[in-house]
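Inspection log for the structure reproduced underneath, given as structure tokens.
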Amino acid sequence: MNDSIAIYPGSFDPLTLGHDDIVRRGLRLVERVIIGVAETATQSKSGLFSIEERVALIREVYADEPRVEATSFQGLTVDFARSRGARLMIRGLRAVSDFEYEFQMALMNRSLWPEVEVLFMAPDVRHTFLSSSLVREVARLGGDVTEFVSAIVKERMDERFAESASR
Amino acid sequence: MNDSIAIYPGSFDPLTLGHDDIVRRGLRLVERVIIGVAETATQSKSGLFSIEERVALIREVYADEPRVEATSFQGLTVDFARSRGARLMIRGLRAVSDFEYEFQMALMNRSLWPEVEVLFMAPDVRHTFLSSSLVREVARLGGDVTEFVSAIVKERMDERFAESASR
Amino acid sequence: MNDSIAIYPGSFDPLTLGHDDIVRRGLRLVERVIIGVAETATQSKSGLFSIEERVALIREVYADEPRVEATSFQGLTVDFARSRGARLMIRGLRAVSDFEYEFQMALMNRSLWPEVEVLFMAPDVRHTFLSSSLVREVARLGGDVTEFVSAIVKERMDERFAESASR
Amino acid sequence: MNDSIAIYPGSFDPLTLGHDDIVRRGLRLVERVIIGVAETATQSKSGLFSIEERVALIREVYADEPRVEATSFQGLTVDFARSRGARLMIRGLRAVSDFEYEFQMALMNRSLWPEVEVLFMAPDVRHTFLSSSLVREVARLGGDVTEFVSAIVKERMDERFAESASR
Amino acid sequence: MNDSIAIYPGSFDPLTLGHDDIVRRGLRLVERVIIGVAETATQSKSGLFSIEERVALIREVYADEPRVEATSFQGLTVDFARSRGARLMIRGLRAVSDFEYEFQMALMNRSLWPEVEVLFMAPDVRHTFLSSSLVREVARLGGDVTEFVSAIVKERMDERFAESASR
Amino acid sequence: MNDSIAIYPGSFDPLTLGHDDIVRRGLRLVERVIIGVAETATQSKSGLFSIEERVALIREVYADEPRVEATSFQGLTVDFARSRGARLMIRGLRAVSDFEYEFQMALMNRSLWPEVEVLFMAPDVRHTFLSSSLVREVARLGGDVTEFVSAIVKERMDERFAESASR
């Protein structure tokens, strides 16, 4: 196991500035942050972007940051971590409901693989109310998401909604 | 700043097995964990052990672990961290109320020193209900704290309560 | 903007006595409360009443109260508010999970339109456990909802379930 | 009404060791615990086991415990309780979000039938992060659920996933 | 151990209608409810009534209810329960912060005496915001506490504040 | 009662930028915001500023805002509101623990005076972690509070700590 690698698992549909904030904080802790986009049956159906599109978009966002890698994974998060030689997992916390869910997942993951360690970090206070689902909803209803996602993500979201509208 | 050093600030009156669990998890992240016992006016009065006794007790507990250091500090936690060349701070999370307080402190600390990063970790599930104040109370009422603190801490607590009783 | 108008957005499927309590409290704050039934893809499918039926039902409930208006809206809640010249939004709070979601929405809305102000109000304590989804579920399972909704709403719910049964 | 009978309602898809812990605690309170598997439209569709399978599985688990009974029910939980002559209902609590939902349900049930009394119990601390949905998810992703469910439940889960895989 | 006895521990300074509601619910579960007023150093100093006065007041309130007993106790709650042959403990739950504290205490008590079982109950919804400290504060500031405590408790509170005023 | 007046009660030791944010939001709702500094036995002892100093400081802060008034009050908050002809009360909400306490107080106040209405508002997201006690603590430990309080408040705090140091 290599403790200078951490995985950052999630659905990232899409990556928000809150996620980006956690990635950049993670880079101060470890040499390499591997963003793992979880492939789950439900997400791929109702999502805005496909798993492949999300991975491609994250790669675009971090094109100039060789220490960030993006990939998709199937199966248990702990198995993904193990397969990448990572024992560390990073997660952002925003609200009490996040905390409860994350705590439950951390204890479950530890139960499945006692070596894993989840590091919870607080995002910048300005991002404490952000979530991918809220950003998707705002964009879907025609709102401006410039403050919530990076320029590249906004561009891809605009394209996606333009496609939907033209259909 | 040295990212292989983390401070673990608190009042530690006394160090419980929950704290110990976080220290040991911290040692898997960084080379050196500096346990900082905060000197505050209120704590020194109502506490079970004095600040000096707490530091001495923590040093006894980690006598065989050269990577753990214990010291007291006055003033802001971020100033203590900075003075030790540490940018990382570790904190355990147990419950929702912990989370809110810790989140508030993490954001305040970041406001005071943007470079600081707080890493929250979940203790072993068996320690999720432990707190120093609860352990003090149980011991004060004659309960057995063997399951909650290390053998050395228990011994010192027994001595302390024996002293109180004989007065 | 007219500060004697407030919008009260929601799905209202159906309007409960808890909602009614908030409407009546709102009428003590402003001259006019505009109940906005949000048109969302998911709600219209799985709901008990259609958007149009909900609006009609709310109009029936407030037939004698000219200061309450009901209408449906599409798009962002802040755009709806703006279109009606309203800068105030009222929302009821019941439980912790309500609070977190409402807080997140309020901050998101403020991010989208800094002029908007959300006023949170506590309903009567007797309604603190009420929710439209719980009321729908109880009615669907044959329970008596007399204590949870107004007489008109109950009548329409009875009709709706009678229709379902006779199909 | 017979106060030596309690119902324990839920979806139990599947019964976890956390549920089992609550059942065994319930047996110390009352003579007979009736596990009621709620038949709801949504659960029967997306579940791992059908309602009938869940009841059969619970009966297998408690084959040697004549004081535990398992059955399915339709309609309101309070009506089920009443039909079985039970005024007591037991529920496990794990987290804050559980608490809020359970509290809301308890107050709603009391509103529907003032005689009902819900007794909330804390499971063993080792089970505080367990949930049926998490156990289903772990098993679906190939994780080992030995620590989370009884041997019989694990066996039936393995069979179910083997069937899915061979289809 | 006698499972038709439950203890109801607390500080009861004073007994509110919320406490009374839990006592009456407890009487539907067990033959005898023993209200245990905990003697702690801090409470006896800052309290409205002394420990002895609280016990006497509770006895007055339940003068006609032979199945309720009131007594004070020192030391651990589990030791008090054990000394009375009771394995059951009842506690009311109102809010999230109650829940966390109560959950922590229940797990700590179980750690100290695995046989103990804490039964949490929800008070009547009208009492969900009541607390002894709030009632004391309201009375101290000249507010009317008729809706929050029984007539006997109100009378003793009035006497106490009249004494303070005349001093 | 005059619905263009709202009281904003609290201890304000000292007034933070979070409080100021709520005051300014309140001024968009009503003609006049009356900041009421509550006189309580405990606060006057352990506080940084006396009740009179707090009132004077708030008056300095709002010297150019004739629509804001500051005064101290004794007794129940609802009695203070009533004495000023105000039926509206404003309160800021930051976190879940705030919410629970505020909700409890709002219901208690309504119980004491059914006409009162509490309007909860969310402060700017940048102030969600601020509290007077945290600001006092930071200043006491030598931290810079420029970002947390207005210039006038900072000046008075600096003076106060300089006095303490020179004693």
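Order of writing sets the labels: A, B, C, D, E and F. Residues in every chain begin at 1.
Going forward, a contact is a pair of C-beta atoms (placed from the backbone, for glycine too) under 8 Å apart; a residue touches a chain by one contact, two chains touch by 3 or more.
Fair warning: this is a prediction, and the values are worked out from it, not measured in the lab.
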A-F compared against C-F, more contacting pairs: C-F
Identified repeat of the D-E interface (over half of residue pairs identical), from E-F, A-B or A-C: A-B
Between chain E and chain C, distance of the C-alpha-averaged centres to the nearest whole Å: 39
Centre distance in Å when chain B and chain F are each reduced to the mean of their C-alpha atoms: 33
CA centroid of chain B to CA centroid of chain C, Å: 48
Where chain E touches two or more other chains at once, by residue number: 96-97, 100, 103, 107, 125, 128-129
For the chain F and chain A complex, residues of the former touching the latter: 96, 125-126, 128-129
Interfacial residue positions of chain D with respect to chain C in the complex: 74-76, 78-79, 96-97, 100, 103-105, 107-108, 111-112
For the chain D and chain A complex, residues of the former touching the latter: 95-97, 128-131, 134, 138, 141-144, 147-148
Contacting residues of chain F [partner chain C, same complex]: 3, 25, 28-29, 87-88, 93, 96, 99-100, 103, 106-107, 110, 117-122, 125
